[in-house]
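Got a structure for you, questions after.
Per-chain numbering from 1; labels A, B, C, D and E assigned in written order.
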Amino acid sequence: MELDFSRQLHYVWALLPEIILCVWGMGVLIAGVSGPAHRGEDHAVSEDPAFGTGSGLGWVSLVGLLIAAFFNGWLYTLDEVGRGAVVAVDDFRLFANWIFLGGAALSILISFTYVYRNRLQAGEFFSLILFATAGMMFMAGARDLMLLFLGLEVMSIAVYALTAFNRRDRRGAEAGLKYFLLGAFATGFFLYGIALVYGATGSTNIDTIAAVVSGGRAREGFLTLGIALMTIGFAFKVSAVPFHMWTPDVYEGAPAPVTAFMSVGVKAAAFVAFIRVFLVGFESVSDQWYPVLWWLAAITMVGANLMALSQTNVKRMLAYSSVAHAGYLLVAVAAGNETAAAGMLFYLLVYTVMNVGAFAVVIGVAHQGEERLQIEDYSGFGRKRPELAVFLTIFLLSLAGFPGTGGFMGKIYLLQGAAESNLWYLATILVLTTVASYYYYLRVAWYMWMRETTSEDQHDLVVTPLPMKAALIIAVAVVLYLGIFPSSMMEFARAGVEGLGALGGGLLGVHP
Amino acid sequence: MITEALILSAILFVVGTFGVLVRRNAIIMFLCIELQLNAVNLAFVALSRLVGIDGQVFVFFVMTVAAAEAAVGLAIIISIFRHYESVDVNNFNLLKW
Amino acid sequence: MTIFSTLLTSVVQEGHGGGGGDFVPFLPGLVVLLPLLGFVINGFLALRHARRSADAVRAGGELDLGGPGERPATHTLPSLVGPGVMLLAFLVTLVNFVRMLGSELHEPMVVHYWTWIDTGAFHVSAALQLDQLSMVMMMVVTGVGFLIHVFSVGYMKDDPGYPRYFAYLNLFVFFMLVLVMGSSYPLMFVGWEGVGLCSYLLIGYWFSDREKADAGKKAFIVNRIGDFGFLVAMFFLFVTFGTLDFVPVFHDAPDALVYGGGLATAISLFFLLGATGKSAQIPLYVWLPDAMAGPTPVSALIHAATMVTAGVYMVARSSTLFALSPVGSATVAGIGVLTALFAATIALKQNDIKKVLAYSTVSQLGYMFLGVGVGAYAAGVFHLMTHAFFKALLFLGSGAVIHSMHHALHHTHNHADPQDMRNMGGLRKYMPITWTVMWLATLAIAGIWPFAGFFSKDEIIWQTAAFGGAEHAPFPGLYTAYWVIALAAAMLTAFYMTRLMVMTFHGSNRTGSAEEKHLHEAPAVMWVPLAVLAVLSTFGGWINVPEAIRESFLGGFGVLPMTEWLHHWLEPVTATAHHIQETNLGELSHYAPFGGGEVAWAVISTVMALVIVVAASRVLVRGEVKPAAEDAEPTGFGKVLYNKWYVDELYDRTVVQPLLRLSRFCWKWIDAFLIDGAVNAAGLVARGMGWAGSLFQTGNLNTYAFFFSLAALVILGVVVF
Amino acid sequence: MVDILFYVFAAVAIGSAFGVVLARTPVGSLLFMVSTLASVAATYVLLEAHFLAAIQIIVYAGAIMVLFLFVIMLLNLGHEYRRDLKAPLAMIPAFAVVGAMAGFIARVFRATDVGAGMMTEAGRGIDAALLEHGAVGAIAQPLFTDYIVHFEVTGILLLVAIVGALALAKRSV
Amino acid sequence: MTLILEAIGYGGWALHALVWLPVLGMLLVLRSEEESAKHVAFWWSLGVFVLSLGLWWAFEPGWGGMQLASSTPWIPAWGVDYALGVDGISLFMVLLTTFTTPLAILGSYRYIGKRQRAFYALMLLLEAGVVGVFLATDVFLFYVFFELTLVPMYFIVGIWGGERRIYAAIKFFLYTAFGSLLMLVGILYLFMKAKTMLGVPTFALAELLQVPLSGTEQLWLFSAFALAFSIKVPLFPLHTWLPDAHVEAPTPGSVVLAAVLLKMGTYGFLRFLLPLFPVASQHPTVVSVMMVLAVIGIVYAAWVAAVQPDAKKLVAYTSVAHMGFVVLGIFALTLNGIQGGLVVMISHGLSTGALFLLLGMLYERRHTREIEAFGGVGRVAPLFATAFVITALASIGLPGTSGFVGEFLALLGTFETHPTIAIVASAGVIFAAYYMLPMVQKVFFNALEKPENREMEDLSGRELVILTPLVALMILVGWHPTPILERMEPSIEVVLERVEEAAAPVMEAEMLPGSETSHAPETAPTTSSETD
């Protein structure tokens, strides 16, 4: 089936997964508001949180994600006509959608008991996750800077709310405020950038922009400034050093499942948009933004990895780790070739899985709350809960980029991308900072395996309900599968990028 | 006059930025961010004179975004006020280093 | 197993060894294999025995070996196996010797067993070389070795480690035979280090005694310094010749090496370094006196008769190479003669009977070096052989004395030193046989006609003179000096040996009245070997009587049976060297530096030695010697000699301690502080930077926004400009 | 004339903007903000964006600012004055940064040729559209055709904001 | 034997089995009872060893190329193959690994008290990784295995180690990973180069060898690779992780670390460094630097070893010295040198492995490794002392043991090209005695004074079973190394030919006499060309 966007109704088909998610989100919201969970009378009931009250909404949300996923798959059968539409129907977007949907699904799976234990309002919580996911998907699919911005806002506002969602938690509120104020601040820059790009090219359509820019018809000054401001905006969203300062605080303060969700989803969405805007839209003036990205990538990798070394709070450590990964991914953006873009997609996928997996264990150790987050709290964990500790070890090794895990393949992919563009210094920085990262990842492992528990009952309250187990097993399976048989997924990612090139037409040397 | 309007927007933008940097009251900081968005709107309008009507449409969206942000942002501020009995960001430093 | 059967059976002649006339070797592998077999059997017995005694120690006591005097049951088998294999080996050697006597063998016979190392670029076989030189050595090693084994049966009777002792001894003989029979330098090196190992094990045989263990260690480490030289010399050889087999190397050497060239000198000097280690020459002689910590038969076998002569053997074996380097040869001779004098001076003031003999050995080895250094390879080997006889005899005799002293002191629980001659005196009365044979050996070593030492030592001294006087002698004056020193050392030898005899056997007994009763002659198993050696020491010199002497009155105008038999016997081995010498040096002199021919100087030296012996014995017998406990420290120059010229202390201060300090410095400062410190500092710096970086993370929103803006400003600045 | 008006409004806008930043009380800031918004709305008019000017006053100054005021009152921040500005010395680096930023941006704007006055081709197009569709129609036309998806997403955005605000600001569970 | 092999169709599958059987064994161990885990692990690894023994006969001695090779695409998009093969260089490394592992496992029966299943599972995983390293003929695969070995070792040291185990484990991990990651960049550079040159992506070593590299590129890549391998070896001054890791590691960990893990570095030199970068490998400065470092390592490590109070640390430092001989032999670029280096690798695996086992047994008895705590042990544990002395002698290269053959050949080969260095290195034989004998004396000789030592048990049957094959092999290799040498020779010749041939044209073009020493890299393969 072909979509001709000259008739607006076709957007309904092109945006079917997003629409489904939004509708489903409203449904969950209504169910939550009207359901028994909301009346606040059954929190004392101790039943299996996996199937308990309120958690039903979680399963419902998962079904929604599943349906959206189904239609995301269905979109592969579609073709679009022309490139003028504000919504792209290309493999790039669809691949990114898989990441968002998967990340959201895993995040929901690991949040069941958390929501229950912390008496969060399930309806609002899950619906906000669904909305945020929809926002990410808008970002990925947007071929229009304004739509991209709106998607970003949908995502951001939902995540702002989610961050401060636990109203009993001071840290959550603080994190929410910091995230919100800085996020809005960055939005201003980003938006100013859009405005100037619009002024420079006369359009917000990325494809048109690409044509104008490559044709040399853009207003130089506006364009340059706009690109710089957009870079700042994106750098904030992907939390590149030195725009990362919100990240540790927010990741630490936010509810752990939300942290997991935003560390994978928000970052992935930002990077996908980043790639589309910069590699499609501004590809032909890459000499203007490339040095900035080069330095951003370098500083991010070095700074984040070094700062992570001295962290003692696991969530905060993972926050810095997430910043460091942003650095690795920025290398791909700086490299700006097909391999790098494909590597970025692949890496985002792996990162989503492994990071959510790691957070799942963290939530488990934290007693499905925010209790035990210091690294000392992991001592002797391997002895008491070997299976969880093995899982966490695998996730950490994957985050560190060790052979046999998806993280390794992802890193190699990124490095290849960098290599193709001859970014040898960046590649070297990447591997050297990886060495530093081994230290803090392995530190968790050594606390788990090489130290004795401080008290006998230290890990007795660690619970992993069924959905979390499912998430863990899925995550481990994917991480290992991608580490050992990465081929098919790599080709899939590659295909996604090629779609971007053919339709957006802006990748290296493939101008329309 | 377009250039002048753009420069005005730039000045308003950096004044907003300045406000975010120097005010400690979360609400005022947010207000300054609104000022920034307003500056961007001005830029859109000015640029729409240069390239077309679309810029004015975008101002529409930006205003909506501003409204949405205001809703959530003020809710967060209320929420944090409940914990700290204050909106001074200097007090909010449980999370650091 | 296959290796063993190979040793016994496959006899493959190598291409080079083809010129053996009608010589058919008789199972040469067996000569090597037998001691090895002895080692395996004894080693097994030793381990079994040691396990049992270890059990006893663990239980809190010692293993009961039965009453004193009885031979413990565990000792029976080793007593049979140890000397037994030696006897068999000697017999096999004898067969070969006889066969070789009856054949015209001009080229060495190389018996190939298996390829040892073959890298493609370097090939060396496990092969034995039978020629005149190795045959002499084999005879000495197996013959003297056998006697010493027999002696040990008596000497070590009460020792709890008996099987282990014989295991080591057999292993030593094995390696010694590999050393002398190996057909290539690497194989020789195997034996070379192998005997060093056994020496180490046997010196430290009573390893529970720290001093003895230290002495073993010292021997090994000092030897290794020499081995380093050996190794390097081999490398030089290999890059020059592409092989390390004796036959091709010596065949090609005259063409490949320039006479007096740097390469030849380097090779010979590095070999010399190896030889000084093994043969206890300056500067590496220090281990040998300490090596006396081992059982006395070991001192006799290893540190007198065989192992320490390996250096001489090696120089003789490499005669072609040394002949090509006049500097090398002169150094060999110089080191030898200096050692001879130096060690002799120290021997003058030692009170430990074995120490005297040890320095005497060092001194005599110096003579051998002098011999091979002046191109008199046959003379060197000759002295090696006679020295093996009389020095083994001296050591074994002293062993008998010590044995007796030990028993006497043991009976009365006296802790006096049984080896200190000041505690002896007048032993002639109790040990007549020992006294007799030891006097014979003393006369031999003093170089008094007609004992073995006379002929060998005299020939060396004479050859020194002759070499120095040769037509184109490289450093003529130098050799004169050598000759004078050698003569002087010979006189010193006569003196300190007489002193030894007098202090031990003459005068009044100083052991103590209670102890005196327990002094006794050695049992037959010990004195019979002494007697055999005494015969050899007395008549062994006749195999190489120089023609001049034979025809003079000293030889009874031709009564002595043979003329320069050993010289002729070794001719095929040394022929090339002699040829080189002749070509380059011309004819040797017939007169000593200050006039006088061979006979004249023989007479002079023997008379002087005799005079010294007689005079010294008269004087010393009358002199008062106090027992060790009452004796005062010597003073003046005597103190310097008594303390061995303070060489050990010198080495300790200049080499050992600095090295230890350097090692500690390397460890503490370079390794732990500098290198590891840098590594850890890298980690610390990284963490510190991270920590500093995270200090920006103040938690304050204004700060965050400020850094955001700052960074934004930088980016804007970058793109705008 | 138009230019003079523009400069007047610009001056007011900038002055009010500084007022927002430097006002002693939150309510004062808010009032300065309203003033700024009004001035900017005036410049909208000068830039021929009449509809947006109206919206600016109605929605922005009217609704959003009232929301702010409401919250300020709710949190009882209106009366007391607690100095929340940084110390003047601490403001210097901030001022330097934003000053430089303004300089950079202005430099680019001044360097970019945007044609003389407002008479660009696109500007004429806008004027034509205004004539044809009226002030509202000119915007509505693209809003409901080209930007229909944006418009719908804006709806979602508002919904999310409502949900979020609701979830956060509710008093009890 | 050949008949048996033919009967079971011994072939390329055996290589795969050698890699994957230990992994399977790991799963089995994890599934087994805590008490029986060690037996499962031991018998399984013994089985793997028996299987690997077949290689000895299946291997064609006269042929220098890869044998029993097989290759399956793994990641086609990058041209990564799952390719295994064995040649004369890797054959012995594989055999050494499969031989050492069961012994190490057997040697840990008493040492490892807690979490046995996990321990033995990790040991088997480690074996799989190491065998993979030696068998991989695809550079990417090699790298994967190379890194993979770090993880089990990290946990073995970190969980079952001594006091400062965590410090040692992390240091080991970070240090070695640091090197290998830089090598990864080098590998990628090669890969990109090959891709540009050949048009298809490939990581196969044979293909990468076809890539012509300029002298400058070779120097850079050489540095990256050499750093990784030198840390692994370890070459002075990159060695400080080793003593820590060895001292803290449990016995079997030390054994495997010394016996095989270090060999991965020198193996890398031979397999990758020399063939891939022949010009750099022959560059006089490069060779001098490597050789001088190796020589410093030999002498310096011996000195440092001599003053160690901890016996295990002493042995650890001796590893540095021994591996110095290997590096020396390799960079001599002569047949003798490389053969010698390889024999030293084998010999070091046997002797140092045995030393660590023995020290572990000592530790099991007395719970200390302080040399001063012992004395006179030879009297109560004669078999122990015998085994130790023989091993120590093999370690210091006494003729008649494997150590001599290796060191002699390595030095001989070095002397052919670098006489001065060889002479200095030969001094190492002196210092070997200088560090080893005092230790032997202080532990086994001297008076049996301390009552604790009186109680010491001699070797048990199990320990005898462990040590006997090791000691026997040390002596056997010392007297009859030919079967090993003849299998190595063709493969080494291939390497040497490759070095000489490939180097010739580039040498001519770029390294004319006189420009050699000042040949600083003018342009890094980096920023100057960094564009998109």
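The definition used in the following text is that a residue touches a chain if its C-beta (ideal position, glycine included) is under 8 Å from a C-beta of that chain, and two chains touch if they have at least 3 such contacts.
Computed from a predicted structure; not experimentally measured.
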Checklist outcome for this item: Contacting chain C as well as chain D are chains A, B
Item to check | Of A-D and A-B, pair with higher C-beta contact tally | outcome: A-B
Item to check | Greatest separation from chain A - chain, by CA centre | outcome: C
Next on the checklist: Report the chain whose CA-based centre is farthest from the CA-based centre of chain E.
Outcome noted: D
Item to check | By mean Cα position, the chain sitting nearest the middle | outcome: E
Item to check | chain B and chain E: spacing of chain centres that average the CA atoms, whole Å | outcome: 63
Checklist entry - If you average the CA atoms of chain D and of chain E, how far apart do the two points sit, in angstrom? => result 70
Item to check | Separation of chain B from chain D, taking each centre as the mean of its C-alpha atoms, in whole Å | outcome: 8
Checklist entry - With chain centres defined as C-alpha means, what is the inter-centre distance between chain C and chain E in Å? => result 38
Checklist entry - What are the residue numbers in chain A that touch two or more other chains? => result 146, 150, 153, 157, 160-161, 164, 167, 176-178, 181, 185, 202, 224-225, 248-249, 439
Item to check | Overlap residues in chain B, where contacts from two or more other chains coincide | outcome: 6, 13, 16-17, 20-24, 26, 29-30, 50-52, 54, 61, 65, 68-69, 72, 75-77, 79, 89, 92, 94-97
Checklist entry - Which residues does chain E have that touch at least 2 chains other than itself? => result 174
Checklist entry - Which chain pairs here would you call touching? => result A-B, A-C, A-D, A-E, B-C, B-D, C-D, C-E
Checklist outcome for this item: In the complex, chain B touches chain D at residues 1-8, 10-19, 21-25, 27-28, 30-32, 34-35, 38, 41-42, 45-46, 48-54, 56-57, 59-61, 63-72, 74-79, 81, 87-88
Next on the checklist: Considering only the defined contacts, which chain D positions touch chain C in the complex?
Outcome noted: 86, 93-94, 97-98, 100-101, 104-105, 107-108
Item to check | Of chain C, residues touching chain D in the complex | outcome: 702, 706, 709-710, 712-713, 716-717, 720
Item to check | Complex interface listing, chain A residues touching chain B | outcome: 146, 149-150, 153, 157, 160-161, 164, 167, 170-171, 173-178, 180-181, 184-185, 187-188, 191-192, 194-196, 198-199, 201-204, 248-250, 252-253
Next on the checklist: For a test of understanding, state which residues of chain C touch chain A in their complex under the given definition.
Outcome noted: 683, 686-687, 689-691, 693-694, 696-697, 699, 701, 703-705, 707-708, 710-712, 715-716, 718-720
